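So, here's a batch of structures to check.
The following pair of complexes shares a single chain, chain A, combined with chain B in the former and chain C in the latter.
For the complex of A and B:
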């Protein structure tokens, strides 16, 4: 395909690890999926464990597929596998997927701030400034994005652990008992939503060619998914122990509500700003990553020499979509926990899996 | 509002088009124009207050049988 260099940046192993962690945990930490807790009740932590296993399988498929086409992104090898025209069409579906993810992240970010902190401010304000930030980071390229994230992620992980420790006085172990009291069917139902969020690892198919060394990529990805699991289990178990499962599933933002419970000696309290710090920083990085992937993807599909001119038009599309997609936060949450998992998993697992089978049968080769 | 939106679009055009024309990147220019047009199609009806169908509805319709299975009872 194109031998011109669209994106010159290279990221090292640690940066990749951090980037993958942020990409997945950002959304999960904001909404611990309501219907996960509604279905699995006190065993919700178990469904994240199952979702983690599923995420590992998805990442194995995506990495195996990508490593068969060294130095090429998903958008470059799709036409090689499926033929020029069908490959480009599927490629544009992926561009749409990344734009949609980006719009969803922006929308979650703006809904969150409007619903909890600034109900009088129009959501568009946050939507627009979130998109502009993401567009600017994407303009600077993958390397800057990765370094920015290297700054934020240790901070966020530390803050989250601190919150968990601070809320321990409010915890009651009875809330998480009896353990393993879920039927297999409810466990399956509860797993699908977190699984589709773990499946966002599919963006790896765009990042892999920009890794400085690709030897340890399997090891690295599984490590990243494991870190996500730890972070998300901290949040879930913390919230489940503080509230009962019933109460947890009725909150929009359980982590935030859990933080409100912190009260140590009537002095350390009202720490709600901390979840906002975590969410705003990680959400921005996540949105910027998908934004970058969408712009790079469309440039590669159209055979352009530079993806940067596409960023501002894409920013307009993302802002409009973020506003248009959902009339309210209830609609957003219903979509995210009901239709979204199947929609996302089609692109995250089914299509890469079929592609891998086609490659295995036909053998990789350009004709 | 529509005035502000036109200003935004004008700003984007002024920012991006001159370098593209100067370097004779015609392919990029066409792609830029198409994406900007898509953005206009989405943004202008919103600002004017028309009811534009949300893509979410289409996705929800396609996956409805599966999605209903996930609704907590």
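For the complex of A and C:
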């Protein structure tokens, strides 16, 4: 099919690990505690555990599928499995998915800043900036993206832990008691949204060919998901202990509201900039990754020699989508919690799973 | 050439981005709110009062800066403004038409609610302070039997402003104090009813100094107990003594003095200080009846004695411990009788404790919890340990 020159970068094991962590935790840390807590109450930490297990299953399917086509991305082996025409159509669906993910991340980023810090600034400003940054990073390629993230992730994880430690004086253990007070139905309801975010691990199908070494990929992915779990639990348990479940679920951005509670000796306080740093850096990397995947995917599907000329038109699409998709932050949240899981999980789990079954029966690819 | 052009473009982009933002508000464009008061007027309107800082008067007057001193003479440090409206925001927008700066809630120290408002229900006004991105959960929230506006129209002798003074007083935790976050949690929970700090503006001490020959009386905001709420409505007040009992029941034990009669000398007292204490609530559900077993543990220090009890003897220590336990039991009983018996509300979070222990039964009881609680038996066990006797074991004496 197409040349490998499309993306010349190679990323090592650690960079992959970091990239996968950022790809998932960025959105979770901002929004998800709120919705999950609304259903699971004080057992929200349990739903993330369940979602993590689901994420592991999804990643196993995706990796197994990808390893059967060494050196090829999802977009390249889709036509091999389904035949040229249907394969390309499904491929374009995936390009759409990545564009949509990117637009969503950009939109969340802009909604957040507008809602909390700069209510008078038009959201488009942040939207355009976010997209330009993502596009520029995608222009530089996967290697630059991974290295950038290698810089940010340890910083962010450290900052998040610092916040957790600083807010401990405000915590009351009784806020997460009694445990297991949730019915199975509400647990399932609370799990589905985080599960759909864990499922974004499907982007591995595009990244795998660019790993320097591929033998430890199962190990690596599960480790990444586990790190995500730790970061999310840190945030969730933190806000649950500071606010009770009822109060947590009334906030749009519980992590930010939790940060506002920090007050040590009337001196260490007003640290809201820290969640913003975490969110802007990780959100940019996340948006850039999906941006890159979308551009690479369309180039590979169309048989182009380079994906870079596609970045500008894609940037326009992403900005416009981010602006048009949701009239307000309420609408965005409703979409994320009610429609998004089913839509995303179709691409994240059902399609890869069906593909794997077809491969097992018809037998293209290795093994 | 092309690369250079690109670089210039990027530089321009960055310059535009970091130069500033739309919603900037410079320090000299904002009016910093230090204290907020909300009242319910006779004609059923909401009256909002802000205590605004006047930074121009801070640290002037040739006495140097620093907190506690240095306000310029004969200059007002605060400016108290108020307006009425149908909602809090309605009142605030009336205020913002009168004040030449942006009202800035980010540094608010205290939110004081007037009695009429508390009796009417605080849900009407609380949400404004929740929804505002600028307001914080760390604001101290208090209720006053007076008018909140009157309480804020005051100044402090030791701090720059009365709002800051009440904030510092609250931080010492000498009374029952709570913050906005805690209040919102209690409001949203079925297992506990909110309790607010009760504050009043009272004549407090005498201000004296060179050139102040005429006695100058001073009014300060002080903590005078607690306000008991049923859901969002005030139903009664507790005085300082009753509040101490409430704090034992809630497990909020910091800095409490206890005065007990001496075990051997009639008419003489011993002062004790509680250094540590905790309360364990053990709910029991038997044959449709709710019971609570309360285990209170306290560690005390001797602060002063009026006669010559010998604290080096173990019998004396035992005796003091026993009398203290009885005293604590009495205090708790008084508050319990008042809140459970008279007001019939669960202000102590016993419902939460019940929920933690009996998940299934809670779902049946939670909708009529206050009635269940009013009929519940509460059994007390108090254990006291004397830890320290200050700088002396027994005092110097003529008798020995």
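Just so it is clear, the second predicted complex is superposed on the first by the 361 of 367 C-alpha atoms of A that agree within 3 Å, B and C clash if a C-alpha of one lies under 4 Å from a C-alpha of the other, contacts with A are read in each partner's own complex, and residues count from 1 in each chain.
By definition in this document, a contact is a pair of C-beta atoms (placed from the backbone, for glycine too) under 8 Å apart; a residue touches a chain by one contact, two chains touch by 3 or more.
On a predicted model such as this, the values are computed, not experimentally measured, just so you know.
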>> Once both complexes are superposed via chain A, do chain B and chain C end up clashing or fitting?
In response: fit
> Looking at chain A, which partner touches more of its residues: chain C or chain B?
Replying inline: B
> So, A:338: does it touch chain B (first), chain C (second), both, or neither?
Replying inline: first
> Is A:219 touching the first partner chain B, the second partner chain C, both, or neither of them?
Replying inline: neither
> When the two structures are overlaid on chain A, which partner does A:303 contact: first (chain B), second (chain C), both, or neither?
Replying inline: first
> First (chain B), second (chain C), both or neither: which does A:84 touch?
Replying inline: neither
> Regarding the shared-chain residue A:317, is it in contact with chain B (first), chain C (second), both, or neither?
Replying inline: first
> Between chain B (first) and chain C (second), which, if any, makes contact with A:260: first, second, both or neither?
Replying inline: second
> What is the contact status of A:181 with respect to chain B (first) and chain C (second): first, second, both, or neither?
Replying inline: second
>> Rounded to whole Å, what minimum CA distance do you find between chain B and chain C in the overlaid structures?
In response: 9
> Along chain C, where are the residues that touch chain A in the complex?
Replying inline: 13, 17, 21-23, 106, 130, 133, 136-138, 171, 181, 184-185, 188-189, 352, 355-357, 359
> In the complex of these two chains, what residues of chain A are touching chain C?
Replying inline: 115-122, 125, 129, 132, 170, 174, 177-178, 181, 242-244, 246-247, 250, 257, 260-261, 263, 266, 269-270
>> Looking at the complex, which residues from chain B come into contact with chain A?
In response: 8-9, 12, 15-16, 20, 25, 27-29, 31-32, 35-36, 38-40, 42-43, 46, 52, 54-56, 59-60, 62-64, 66-72
> In the complex formed with chain B, which residues of chain A make contact?
Replying inline: 34-35, 38-39, 100, 189, 192-193, 249, 298-299, 302-306, 309-310, 312-314, 316-317, 319-321, 323-327, 331, 335, 337-343
